[in-house]
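Order as written gives the chain letters A, B and C; numbering starts at 1 within each chain.
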């Protein structure tokens, strides 16, 4: 018999067993009894998939970091990486201290359904009480309380990260840190609660359940995460203004991405993470559900990439790598609302439309002088709305298991986008008044890395 | 009770349940009945592993992208990344529209077994019909139809990616795009069908089943994927010719890799992905099978790395990083055919021989003036053949579960390699005649990034 | 019916079945019988998680490679990557040939418990003997022998990798290769066996089981892996001396990191891998265990990042990216010993203290002129000790399932750190006497890439 680390870890169960006499079966209603029963294996695999999905969504933060730094100028790289490290840290901790319970409030009383006060997550699921058992077994969900929390926490931080890309290269670090902390902790959970937390959008279009008028459907967050982030970004950019020198009387000056391999690494990692983002949103390892979501997710990403390649080739007369990369992301954002309700071929079309749309949208925002260095408003905002509406166009009610309504999709996505825009605008505007949101001209010219961080990203 | 996204997703089952009255058990033969039964947990974990493997093989495409761009010159980086984005997109969609069903045709009639017409994948697995149930449960395989498709689709695109590295830095983009699309969609499934699709090589050496004369064995594709890609690459390079200035009257000019950290990122990501490439090819999460394959895969990669380190140190008189990196890949390619049939120590030897071989092979191809910027012909072609033959030398019949025959391995790997070479040569030659396959001298000197894409990979 | 690769792989079982007559149930005590039974699904998911964890720990080696190369100078990048490729290869193979059985010796006789002779791993687990069944099913552990080996092998190589960072930019390659091979193969398993192999520290503070005086607890290796590596690194740096020009009469010269995006990629990949490092150390997919470990691991990393951001901002007067990155790692190292015994909020505090500590520690070692280019001594050594002691401060006995004792933690971590320091010092000192451990002045100035490897990392 080999001594194993295992022995140490399993000690709690041994202790419990000892307390009751070594050979007695575990008491009914305990975690040990559940794990000895016939549902344990299924619960374990469901739970494991949620955890692996959390890890996959975590690595999206490296994807966001490298896409954003790759598409910006060399002189702002440290600043961008720093912002992203900060966001994932504050996002996780803020969600722990406030957001999770604000987003999934339970709504025990009828009051509101628009807003709930957050509270810190529970810290007491240990020992062998029945409460632990209920929260660690199928009574809570197909996964544990902790898995629920860590998966949703990894999601939460993505919203603020989306804004980071749009305001890059001129935003004042301290102001952005305050903005991002508030956005991710206090604002993201509000719109999140509307749908996933059982708020007014959940069952919108009917009563609590399935009815004749159709319901708002946002499977993994085309609106709740991506359009939220994209329109928060738009508001922030309007408050902030474009990078100096980008738009002038002589026309628009292209600012080149400083490291396209870095951007490509980011996009592929985001694509990888999306299998957890969408696949984990099945909220179990259900074979039919997860397999289909993998196919719709992958095919929409591929469709988006191809469509952006050809659209940009036609419009810009050259095969544009950053458009191809953004096209894959656009396809993924596009399918996020309907990954569970759209067929594989539908997914290709939804993704392809998103891929074409993102090219036109990037050019449009550049034309109207809204400066978004990484295309975040187009990728996440515009394609987030498109993806939400696409459920009504391409979704199958047999797959969704709900009546689908164009009006419900439209009202839902516009409500979320408008709320994100308004809150972001107000918050960033207040910060502008109080402490400023922009670095001064000299710092912007010199680059934020040396000016704010005292360190270049690259040296010999 | 917390409201969960889950409620939305599970609605189809609720609907079905409602249709039959809330409390009745699901009808026999339905998906719901299967998922309520005792095989459901095992099916779910098997299926999940195939999906996770698909995600791991997906990230190999980032590995290929970064290895190739890292080992080539700075001025062609955008072009390389663009090709790789295109390949994974067209690979996935082409496999959906044609390749999957061409590779796994069923061969219902005896005709052929050499070629089958592909068709689009099925799009109708939703609703609650018995057909869905059969395709989503153990009646089809240990995983769903969708998992089967997405896993195989991620594989398919790797073949064309291998060629991409060999023709880098001088190939004409549009011609390569057409070539890659045809290779991955129409040609790869043909040789794939010979073995994995139940064609003439499956059971080759005997009747349909296990017999006395031995069978062709290619566990995860040393021949079907790697030698296929490597010999397609060799043909393409012969049609294309070397990079200008590489070989001249004054001798061979070394062209330095522009970014070795990028190449190292790529190799480690490929190694990671290989755990899904080989591990997923067990086609279930069977503990004995997958655990052993993880060990053989890992140890062969390590053996390949060490052998290449020492071989290159002796031959080149210096510790060469790109040889060390290619050595790890060579070891992985080498074990791919026999990952299920070779013992862990056998795997070290197979990997080490591959690691030594790749060093000599790279030097050999350079000597005979076949210009392969990343060593793809050596890594995938030469070591793919070696790995296939190694099954006959190091494979254990108790592990393979089949009689092993050197002749079957030799005929199998040469057939696949020769077919890949011939098709690739013909296709690329026709493209050369019709539209040219090479950029002009000035574009090659300037670099494809600016010449074809109008954008450098790196800027300030 | 589709022909599948599966058919080939499952052939061993078919053969066995055939031998006994197609319809007879598998003989009791065989692997086939186990897999047909009711524990099979649970075993399969447990085993799968150990394998996925092994893959996650594997990718940490890419994390180490890129952190180290990113934080050092451009001119030594190839050398750093080469060392890391070598370490992971020799680490895996050395653990196979000696270390695994030296670390988990079984201690059948009472002699020792301080040291056991290693032997090669077993190579015979195939065929259908009862021995195979026992080692491939729950009789051995919740996972197979092969999964056990590959998971522990991936761990082993991390210890030598930690040293690599501290001695970077001036160590002689051949000497370091010998040092690393000996450290990982022969020394790491000794301290490993003390606790995880059932040696004198396992159950230290009492008898074999749980008793009144408390036990040494090191869940996933704050001491056994990180403090081991960190103090081995300290010894090596003392033998080696600082980089030339770093400390002079005029004061300390900062040597800038050459590529911070590369360092950021590394830290995020290490964070990702840590979910397998800690999560896999549950040694099963137990939902309560793994879910809680994911939360403590993630939150400690986030706490560490935030604390380092604010600590460095206060101390250095600027928001320092490399401190933020090292802070996340410090938090992760800090929680590694107590990931299973500390609550989520406890984890935030443990991580935050580690994050503050690492900033002060890096500055301290720089002040006393111990030159550690990547901060490995602080991150792994100092925070490894902190993490081990933190179990005694923040650990809950209900979670640990053991009595917790500050003295046991202190004695355990100091023993391991001191042993690692002493062995590393002796070994590196002998190498210094015999063959030298440092490159000459000119090579150091020129950079190891060109001087030792004949190749720059970056070119045009």
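The criterion applied here is as follows: a residue touches a chain if its C-beta (ideal position, glycine included) is under 8 Å from a C-beta of that chain, and two chains touch if they have at least 3 such contacts.
Please read all numbers here as calculations on a predicted model, not as lab measurements.
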Cα superposition angle of chain A on its copy chain B, in degrees to the nearest 5: 120
Copy pair chain A, chain C: interface residue numbering same or different (half cut): different
Euclidean distance of C-alpha centroids - chain A vs chain C, Å: 31
Touching two or more other chains - residues of chain A: 38, 41-42, 45, 48, 52, 259, 265
Footprint of chain C on chain B - complex, ascending: 38, 41-42, 45-46, 48-49, 52, 56, 73-75, 104, 106-107, 140-142, 196-198, 202, 210, 217, 219-220, 256-261, 264-265, 268-269, 271-272, 275, 279, 281-292, 294-295, 298-299, 301-303, 305-306, 309, 318-322, 324-325, 328, 340, 343-345, 348, 396, 398-402
Contacting residues of chain B [partner chain A, same complex]: 1-6, 8-15, 31, 35, 38, 40-45, 47-48, 51-52, 54-55, 58-59, 61-62, 65-66, 69-70, 77-78, 81-82, 84-86, 88-90, 92-93, 96, 120-121, 123-127, 132, 136-137, 143-147, 149-150, 153-154, 173, 259, 262, 265, 452-460
